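Naming follows writing order (A, B, C and D), and every chain is counted from residue 1.
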Amino acid sequence: MLNISHIYNMNFLEKGMLSIMPEAVIIVFAFIVLFLTFFERLSKSNNPYYLSLISIGFSMLYILMLSGRTIDGFYGSIVFNEFSVFLFIGILFAGFLTILMSNNYINNFEVPLPEYYSLILFGVSSMMLLVSSNNLIMVFLSIEFMSITAYILTGYLKGNTRSTEAALKYFVLGTFASAFLIFGSVFIYAATGHLNLYNIHYFITSVANKGLINFGTIKIYLAIGLILFLVGLAFKMSLFPFHAWTPDAYDGAPTPITNFMATGIKIAAFAIFLRIYSLIYNFNIMDFNNILWLLAILSMTFGNIAAIMSSNIKRLLAYSSIAQAGYILIGIIGGGYYGYSGTLFYLFAYIFMTAGAFAIVVAFENFDLMSLDIKKYSGIGYKYPFVAAAMAFFLLSLAGIPVTSGFMGKFYVFSAAIKSRYDLLVLIALINSAFAAFYYIKIIVQMYMPDKEELIISSSNGVQRDRGSGGANLNKLNNDFGVVNGKINEGLMIAIFICLFFTLLMGIFPQIFINFAHNSINSLWSI
Amino acid sequence: MDAKFIITWLIPLFPFAGWFLWGLFGKYFKGYSGYIASAFVVISFILSSILFFIVSYTHGFTTTLYPWIYAATFKVGVSADIDRLSVIMLVMVTGVSALVHIYSIGYMQDDKGFARYFSFLNLFVFSMIMLVIANNLLLLYVFWEAVGFCSYILIGFWYEKKSASDAGKKAFIVNRVGDFGFAIGVFLLFITTGTLNYETIFKMIPSIPTITVTIIALLLFAGAVGKSAQFPLHVWLPDAMEGPTPVSALIHAATMVTAGVYMIARFHVIFSYSQFASEVVLTIGTFTAFFAAFIALTQFDIKRIIAYSTISQLGYMFMAVGIGSYTAGMFHLISHAVFKGLLFLTAGSVMHGLAGELDLRKMGGLYSKMKTTAITFIVGGLALSGIPPFSGFFSKDAILADVYNKGFYFSWVIGEITALMTAFYIFRVIFIAFFGESNVDPKLHVHESPKIMTVPMIILASLALIIGFLGIPPFNTSVFYSFLHVDFKNAYNFAPFINNTPWYILSLISVLAGLLGIFTAYLLYIKKAINPETIKNVFKPIYTLSYNKVYIDEIYNFIIVKPVLSFSNFLWKIIDVSIIDGAVNGVASSFAFFSIKTKKIQNGMLMSYILTLTIGVVALLFYFFIR
Amino acid sequence: MDFFIKYLLSILIFFPLASVILLLFINKKNEGLLRNLATILSLIEFIFSVYLFIYFKPDTYKFQFVEKFNWITTFGASYFLGIDGVSLFLILLTTLLTFVSLISSYRYIKDHVKEFFILMLILETFMIGTFASLDVLLFYLFWEFMLIPMYFIIGMWGTGRRVYSAVKFVLYTLSGSLIMLFGLIYIFILHYDQTGYFTFNILRLYNTHIPLNLQILLFIALFLGFAIKIPVFPFHTWLPDAHTEAPTAGSVILAGVLLKFGVYGFFRFAMPLLPEATLILAPIIIIIGVIGVLYGALVSMVQKDLKRLVAFSSVSHMGFIMLGLFAMSAISVDGSILQLLNHGITTGALFLFVGMLYERAHTRQIADFGGIAKKAPILTTLFMISVLASIGLPGLNGFIGEFLILIGSFKHYMVLTIIATSGIIFAAVYLLWMFQRVMFQDITNPQMESFYDMNLREIITVLPLILLMFFIGFYPAPFLERIDPTVLHFLSIIGHHGYIHNLIKLKTGLSNA
Amino acid sequence: MSINAYLIVAGVIFCIGAFGVLIRKNLIIIFMSLELMFNAANLGLVAVSGYLNLIDGDIFVIFVMVVAAAEAAIALGIAVAFYREKGTVDIDKANELKL
């Protein structure tokens, strides 16, 4: 129970600085990296890369120092608590992995490095701000901050039409969506008269206790406001009707950035949505759950069905990430202690399996810029046993096969949903993941069982055009084992190892993470 | 571990060991395996004779080797039930087997599967012994099937011949059909009595409603019909002649095929308790006796003729047990075992002399070339056609007399006619094969079989002379009767004697019938008084019917085999592949179809993306406002 | 030593994984070493499992070799192992068959040897784990991951349309077991609602009280999962493809062990958890089973491909087992469990022989064979023994199981049992016909002239199975006396439910014993 | 004069902006419509905070303006890049990524 007045009375500045320390560290480093541009020699080498890694390390350090406390700064518009710690760590990992992937990849293009890394760092900090923000203004600001970095990074490959187009689409749609978001917050503001999330919660509670919640203007404003706000966030979470940007942006963006969007942005969006939604969950305002129920089912079904016939690995993963968003939403719908902790757990698991998959995509792109078509993966199981095995493992995790974190996450959110009796939802989700397994397995087939014979569904779907991220070079497609020789640099290896480690650990000994998630959920209401 | 136990279990042990040895190390023993195998069987023959005397001077007993299946309330042990019935069977089985073994040494000597042959033969003897001494239905059923398997493997002994392996398969499957009924009978018996042990069952029978007993009896009889080649399921036995001749002698004449009769005798309590079942047995027996003899009239394959005569003789036995005179049935079983074994062995010796020739039309005038064979064969023939003083006369008349005196006149008439036909067809064989002018292919040099083959034949021939006197009429005062009858004392007397015509009248009639048959054959084939061809043409339809074995095989093929196969094909091609699997793959490909359709949303046009987004928003707001 | 006995199950589960790690360090070029080492390790594993048999106390239904450690305290899931008379033999079967199939694939597997043996050992770990775990979540973990190694084995070393078969196998089974997972989670939550604490301990979950209509729905959910694995009649179409295309070792494990999981699942989970639904749905399931018996038999009668024939024959055998299990009389359930082992042994052996034929002739079409007997007497003899065991010839293992099943089910389902019994005729027909066409008659196909007999390795491969066939056939007591208490307890668990209690007592013959 | 009027006006402006984005093909005009939507939101905020005599709404407006400016910069950057490659600012030309 936060008491505003008591905050106003005290010296808030140091509290404020303390509360944003982890973000601040990263921002500072981001600037340092940015300044490297002025020094020709430094910027060419790998310094920005190492610096940014270090910065993540430092910020992690600060989080560990601060963890366990609950600090709110800037008039309670920023809150640092266990909840944020959990997500900070997730986001930092996402950024860390992204940076690790970027190293070799981005050197293949003639683009300035320092800006790139500093933008990633800015992105990370913005996400952290987003998850720790406790005020609609703050939410809006950090979302915009995040999006802007994402737009730039998406279009970062200068002279690459696909990249630019992706940036364009992403930008237009993103801004469109955030317009909805802000307009939604207008209505919420109008309904409650507060921008501070906690006050909103407080207000709604009181109104609800008076039984006026579904009454008159408040109701209408709140409804419109929440729906529009939801739209704004659902866009970032890429839930079904608002998913449209996902495949294109994922496809066009440089692969590390795709990973960044898939992991970091999605987590941050989900986290803030969870935080806001948990405020209103209890007094089921115009049974908002049904809307989410619908969105969840639509997203997972659409994602899976669309993914079945994708031949481009990045697009396939994009569709699958839409489906995954659907699964994660189940946790939020399930609600309650287990639902929310399950959601967090799933998010954390999701980071590593997705990042792992993308890391391997990056690895093969580094060998051969054409290798985005799944057909090009044929036979790599034998050429690169370890990497292929890892890929298989991540795909299985995404498919939700046991001993992987994916299964534990699914199991967690599903049981939470059943606990609050969303049987049909879970059933549909399970059936979904049954046929979702097909396209993950399709990739494994390509990797390990290469031959001319047909699958149940002939892999020869409508689009056969090469979708490399470099200039099209079709004659390279013809050789059978698509991937040219090359060695995977240690950065990627580390990334893959980290992902493997966590995916396996969360699959077999999830208890630690579950406890962690529980703590963070406990602190969610102790703002 | 008393003497009885040891002796009892040593009897099956020896053949069992033999099976093992020849099966595994046959090739190291080379020719000796035959001698040792025979020795084993002889030993168990001696043992069973000892047992015979033990039992005949003391009383029967039960002994258990080890508990076999103990599952919940279902408890069955491997245990033997030794009484007079089983010892008689034991002596018969081991005796005939011993002779056949010895005979086979000569017959099979230059066959590459020598050891294999003897291992299977030993296995058969083992199974037959166990079948005879079993004291519970499960054990009986087990070895019931085991002997079936032995006959399968021995019929198909020369597996390179398609006909042989076909015949083996046919035998096994037809037997399975019978065993199907038998198994159901066992189940029914178990759930009604809660046990499978003979004594317990027999005690409980009177307390069971007659209808149930009848059903049980009929089901068990189905097994007997399969095993003993009675009418609907007789088709396998003639084909079984593809096997080596000693096998036919042992399995398909003397022992296995009589298991059905033995089984009914063993279960006389059940059968005698249900009159209807017994009458069914009688009817089937009577019909089969006539039917088989009718087919045998016109065949030319010497072994097949004898096979059909076996079927017909088994028909007699079933008549006997069908009217409740079990002793008579058993008596005919024993004597038939002897003379039919003899006939087969001699036939084998003929084949041996003619390099495997079976067709009557390619024989003739063999008497001069192979005297022993001829004489023994004739002895067998006389026994078969029931001419005194050969054993067949006594045993067959024992049956027919009972049939008449118990008032089953129709069956009696059929029986007599059958006797006539029997005498005719067997002497037809004798006259054509051993007398008259020779149609033998001049190239091959016909020779008498070696001693090792002829001696068993001679022994059997003399037995065929002697055995009969165990049952000197009137039968119910004879040695055999008095010995065995005690085992059937608690049979339920459902068919009392209604008139006692003195035996000699009835015997006279049947002897006359026999002589008439022989005389007809003489007229036709020696005197040539009437040309067989003319008769053939006169009775054209009947002849063809008999010649083609009444088309039973063809009928089965048409009404059973073909429909089943086509139905299975339908199941596989249509139901399995098209419908079920089609549905499965259909789901998959429908997903593919949907996938392609859904991705149309993702058409790359910014316009449409914005449109979807907006539609989403509107839809949500709409959803809210209509609520 | 007592440590060894105490943690024997864990050792059994993780020993293969340890061996995998060992194998990882061996250069994949060095194939001979890989083969021998893997085989020896699996042999050691088998020897360990024999200890299980030695130290198993036969006269109790209580779980033995129990190990329990906390795993996920939040959900009350624990690393909870233990075996009773049923899982004991299934584990033994698993270890034996793994060993056998490893020897059998010495010559069959030519490429990616290392991967193959590693996958087989991983598979073994997960199979044993599935049988040993008494914790539902743990069970599901093992159960589900088991698909993956099998999928690779079929897909990478299979023949013909291997990828199609592999994918079909995985998707089919996966969709089933996901619906099953739904059912399991639901029961888990129901238990939570009633008691207020989470637990996955199956023994605790047995006490969950579920309203009847819900029970039936949940039973259907679980049924789908297990029935697809077995496979029961309409869900069987993955089986012929998978069996046919898989390499020999794969088919052996698939038929020998994987099919058992369905029945085991019914025995351990579906039926005790949802007793009333079981009692109500039993007739329907039995009807399905009986249909399966005839269907499998008839269809295999017209198969042209050896492996496909054997595959369909196991559909038929599984029908028998379902009949026995759901007739729920002590005798028939005993029979079903014994028949599980028998089917594993027999069908495993059959697949081994088919594999040998394939190695020599490079064809599986029955029409291409003929007259093998002349060339390969040993092969013929042993092959014939296993064929006869599969037919259910007395004196061999198959007979005992089938007979117990039928005689046990006869009381309550007379007509259905009679129909099922007719299956033994068809079994004789299709198997003997196959055998005749393959082994007997004269050599028609010239390339059979070069057919050679079994070598020592192959004889060693099948010998244990053949011996077991005879042993079980002549002396099944050691097996039955261990299975029996478990089965009676199982039936009493089902029985402990209200009005049906007495009915069950009647069924099991506890009262009229 | 209740708050509804302001919000309705704001809503109308917002919808106009949305329609602009929806139907126009020229990139620049789409950006302008986006700005319009933002400003509609601003109007709403100002109105509400004025109505409730609160300050934070107005603060929000300032932030929104700043963000809008920043976005405009990005937008123009992307537009220029797009024009460089495609020689037009017609968004229908942005159809390389699809399906």
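Keep in mind that, in the parts below, contacts are C-beta pairs under 8 Å (C-beta built on N, C-alpha and C of every residue); 3 or more make two chains touch, one makes a residue touch a chain.
For clarity, every value in this text was computed on a predicted model and none was experimentally measured.
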Geometric centre: closest chain by C-alpha means: C
Chain A and chain D: spacing of chain centres that average the CA atoms, whole Å: 25
CA centroid of chain A to CA centroid of chain B, Å: 79
Centroid spacing, where centroids are CA-atom means, of chain A and chain C in whole angstrom: 43
Length of the line joining the C-alpha centres of chain C and chain D, rounded to whole Å: 65
Residues of chain C whose C-beta touches two or more other chains: 168, 171
Per-residue overlap in chain D, given as positions that touch at least 2 other chains: 18, 21, 91, 94, 96-99
Contacts with 2+ other chains: residues of chain B: 588, 599, 602, 604, 606, 610
Chains touching one another, given as label pairs in label order: A-B, A-C, A-D, B-C, B-D
Residue ranges of chain B in contact with chain C within the complex: 23, 66-74, 138, 141-143, 145-146, 149, 152, 156, 159-162, 165-166, 168-169, 172-173, 176-177, 179-180, 183-184, 186-188, 190-191, 194, 564-565, 567-569, 571-572, 576, 580-581, 584, 588
Chain B-facing residues of chain A, complex: 168-169, 172-173, 176-177, 180, 223-224, 227-228, 230-231, 235, 240-242, 244-245, 247-248, 286, 291, 302, 305-310, 435, 438, 456-457, 461-462
Touching residues (chain side chain A, partner chain D) in the complex: 136-137, 140-141, 144, 148, 151-152, 155, 158-159, 161-162, 164-169, 171-172, 175-176, 179, 182-183, 185-187, 189-190, 193, 195, 217, 221, 247-248, 251-252, 310, 315, 462-463
Contact set on chain B toward chain D in their complex: 599-600, 602-607, 610-611, 614
Of all residues in chain D, those that touch chain B in their complex: 18, 21-22, 25, 91-92, 94-99
